[in-house]
Amino acid sequence: MTTQHALTEYLLRLGDSNIILAQRLCEWIGHAPVLEEELALGNVALDLFGQARSWLEYAAQLQGEGRSADDLVFGRNEREYRNLLISEQSNGNYADTLARQYLFDAWHYYLLQALQHSTDEQVAAIAAKGLKEVTYHLRRSSAWIKRLGDGTEESHQKMQQAIDDIWTYSGEMMMTDAIDAPLVAAGIVPDMTAITAQWQAHVSTTLTEATLCCPAQDSYMQRGGKQGLHGEQLGFLLAEMQFLPRAYPDAVW
Amino acid sequence: MTTQHALTEYLLRLGDSNIILAQRLCEWIGHAPVLEEELALGNVALDLFGQARSWLEYAAQLQGEGRSADDLVFGRNEREYRNLLISEQSNGNYADTLARQYLFDAWHYYLLQALQHSTDEQVAAIAAKGLKEVTYHLRRSSAWIKRLGDGTEESHQKMQQAIDDIWTYSGEMMMTDAIDAPLVAAGIVPDMTAITAQWQAHVSTTLTEATLCCPAQDSYMQRGGKQGLHGEQLGFLLAEMQFLPRAYPDAVW
Amino acid sequence: APQERHFQEKIDADIKIEAKNWMPEAYRRTLIRQMSQHAHSEIVGMLPEKNWLTRAPNLKRKLQLLAKIQDEAGHGLYLYSAVETLGADRDEELEKLHSGEVKYSSIFNYPSRSWADMGTIGWLVDGAAIVNQVVLQRTSYGPYSRAMIRICKEESFHQRQGYQILLEMMHNGTEEQKAMVQDSINRFWWPSLMMFGPHDSDSPNSAQSMQWKIKRMSNDDLRQRFIDQTIPQLELLGCTVPDPELKWNEERGHYDFGAIDWSEFYSVLKGNGPCNRERLKTRRDAYDNGAWVREAAHAYAKKQQQEAA
Amino acid sequence: APQERHFQEKIDADIKIEAKNWMPEAYRRTLIRQMSQHAHSEIVGMLPEKNWLTRAPNLKRKLQLLAKIQDEAGHGLYLYSAVETLGADRDEELEKLHSGEVKYSSIFNYPSRSWADMGTIGWLVDGAAIVNQVVLQRTSYGPYSRAMIRICKEESFHQRQGYQILLEMMHNGTEEQKAMVQDSINRFWWPSLMMFGPHDSDSPNSAQSMQWKIKRMSNDDLRQRFIDQTIPQLELLGCTVPDPELKWNEERGHYDFGAIDWSEFYSVLKGNGPCNRERLKTRRDAYDNGAWVREAAHAYAKKQQQEAA
């Protein structure tokens, strides 16, 4: 595998994860528990869509087939999507959404922190810009974990259940495969060992502060999203998201 | 307007209403309260899809543009869909689904009973065949109205709420417009006056037996479905239903 | 009463009333109601747009639409804050929304049926809102006036974006897209005109509001202003409005237009619009389903305070 | 014991055991468990197919798929009835499903990821089930055997339909569709082979079941039979299976095949498949959300009886 091909795949994984998670967050608009949360969720979604666009534009450029970020977002099927499984999980209740968000944010934060030192200038630049946003995402979602974990009896139970339910999708963020190796070697992307440790420390500290139990780090972890093997919900999300460009292929919007 | 054009529109209204309601019923599969109901809902959906196909094949034939029933189902957008608003309403709880079904079935039953005497042979034949199925649908759904209306306190409340909520979409079934006039004149479709009275009698008897209040017949009634003016939910239903043919325009399945 | 006279003198002198100033109870009540309605309209107005958010046709439009919805949530926040300066409580105002006691702009009881509606809502609906709000920048209550100044800037931006959506479809789109735009305008034209409220002759509370300078222009004048500024834009689009009587009146220096179907207006207001139930249910469910979250946040904040103390 | 001897003699003489006959408790328990698992598998097996029901690509396929799902619900009903002849209770059996105490076929813990899976599930998964069920037509318990006979007919029909879906895509479809089919087979091949259960050497309860003729062929023999009959169909499709060691063995008169990854099998069985949680949650939620409906039906029936009395 050439480094360029590996990098393209890596960018798709990043971009797709952002797109899909942002799309999920959009589903909350109009339904959030309080107006301030409509705003906060929307802001996070905006940031993620924006970062996704940057990653995917770069991916499209590396592919060199004249495709745009839009072509990638609206023209690929489930099997071609490379998002992490955690990003596609359905919203559930507010605790479920925040558990998903927090575990993702913590990974995203440490990853971008490392990627801003990438030997690939474009990767470094996108990561540095994104990191500012994700710093806020992580601060917000960890605050909510504590608020709900250490709020009422009901919120505590819901948050614990949410963490337990999403946990099996957290491991994939740290897994590597043949795509990573050449990129790590070239200093383009970080080795995941350090990031895994950082993530675990952040999560275990936050959950403890939130009076929540941290599930075992060696629990069975689902995988496959990065290789295009998704759960059954993704197809519905894509059918909705891609409907207009699919239904009106000659249209300009 | 030619009679042929009017008949085509009329057939689309019938076919589309069946398609959309059947599609809604499909959403219940795997989620029904008891296995027997999975079967029953599925059977009703099968019947409705089958009848829809007959109506739409005839509509396509009258259009004479070489389109198939599939082209009509999978190739039209929301604005071109002619289904009754009642058929597109979301499933809600089981009482909501049954209230929607019952009010529809009662109309469907009396309409097909009249349509089997249509001067148009094909209409008469499709209606006669469908009537057998719909006789069962109506028997089943009225039984459920009574069962839930006169079941427990909780089921009574849910069923009353369901009737009250869906009621505003029931009037459209009885409304006529410029499409109906020439067809009534030609004896192809019935005048709705008699059917309205039959429907009202059936509904009021059933609801009374079910210990439910019948909302006022002169309540404000929503309209527009038959003219292609739908609620916001239909677009999502169509995006899902039409996804594959839209995403793979050259495919054969 | 001298207080009352002093109050009216300030109003007449175009001096803003501030939260700490004395004001007649009726002035306060009228303002609370109007500003709450306005705040609720921002929040409910997010719903028809959210309907297309997950289906926006490209990333640029998706980001724009999301940002617009965010702005509306922000406007809602300013406005609820402004209402609270009058001693009202946000949760109580929301209760009144949920119970149907206080309304929101009836235009949001119409469904958004196609992507073109994202353009039309920006162009016509926000356009009509701006005509109202521009005048309200000069309203007599200070916090309301300042909120309006801030909101107007963003709304104009939204309106231009909405118009751009339609322009793109009309000038570069397919025949299907053009039909989609015309259909959208056909559906939203009359409801947009109704946004300014009944004719002045049927608007009994207007006189008092005018005297208090809560209102600064009459419904009919605002409506005429909106039509006059919109029709040239319509022509640039290459579209029409569903009003055969619409015609430039050289003598009046204004467009003449056909009679508005007020029965539809009152019917929708009464709850019979296509989406009244759905909109209220969405808001009510969001509030109810979020109760445990708000309670938890409250409980947590209390614990934190106690620990800090 | 004479009862026990008599029982085994009947079995040995291929006389069916009926509900009213004496049977050893262990025989009854084994049967209840196996038949419940089978019934649960029919019900849970509806879910991966339901996943594409609302997205079937044309009316013909939609009707076929819905009819197939209906058949499965019907099979579930026969089988629960058959289980009840043994004194078990359907609701209690469902409880055991929901609590995870009794399993269903692990194959349904894999997601259906594309429309091609509707073909592959029919062809491979139902195909594997049939190989099992054909033999079970001769199982020693009468009601089970008769249910199997009835079920087998419909399953063969499903299998042919599934194969037709794939044939159509492979022979008349686009390149994208062909890739979709191959991808689907790649994903379902090994899990289908695992449907026959562990190797005979790792299947400790098999011997007793064989003696009782609840089981009539060993796991490995059934698996070999399935492979032997499937590979020619695979070749007709123009597809491959993801097993480089698959090869016709002239001497054995069978296909040789590679080693099965039993760690995956046990992992999925333990709850780690991609959909285990989701499947159970769907069934549990359906049951819980339907409680009030079942209660109402029950209350109503009781009232009707009282009135009739």
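Read from first to last, the chains carry the letters A, B, C and D; within each, the first residue is number 1.
By our rule, a residue touches a chain if its C-beta (ideal position, glycine included) is under 8 Å from a C-beta of that chain, and two chains touch if they have at least 3 such contacts.
Quick caveat: nothing in here was measured; it's all calculated off a predicted structure.
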Winner on C-beta contact pairs when B-C is weighed against B-D: B-D
So the chain most remote from chain A by C-alpha centre is B
Can you work out the whole-Å distance between the CA centroids of chain A and chain D? 36
So, what's the distance in Å between the C-alpha centres of chain D and chain C? 58
Listed in rising order, chain B residues that touch 2 or more other chains are 77, 235, 239-240, 243
For chain D, residues that touch 2 or more chains besides their own: 55
How would one label the connectivity among the chains shown: line, ring, star, complete, or other? other
Judged by the touch rule stated earlier, which pairs of chains are there in contact? A-B, A-C, A-D, B-C, B-D
Contacting residues of chain A [partner chain D, same complex]: 77-79, 165, 168, 220, 222, 224, 229-232, 235, 239
Residue numbers on chain C that touch chain B, as the complex places them: 48, 51, 55, 111-114, 180, 183, 187, 267, 270-272, 274-275, 277-278
In the complex of these two chains, what residues of chain D are touching chain B? 43, 46-47, 50, 53-63, 66-67, 69-70, 73-74, 76-77, 80, 115, 165, 168-169, 172-174, 176-177, 282-283, 285-287, 289-300, 303
Given the complex, residues on chain A that touch chain B span 77, 235-236, 239-240, 242-243, 246-247, 249
For chain A, which residues are in contact with chain C within the complex? 23, 26-27, 29-39, 42-43, 45-46, 49-50, 52-53, 69-70, 73-74, 93-94, 146-148, 150-152, 154-155, 158, 240-241, 243-245, 248, 250-253
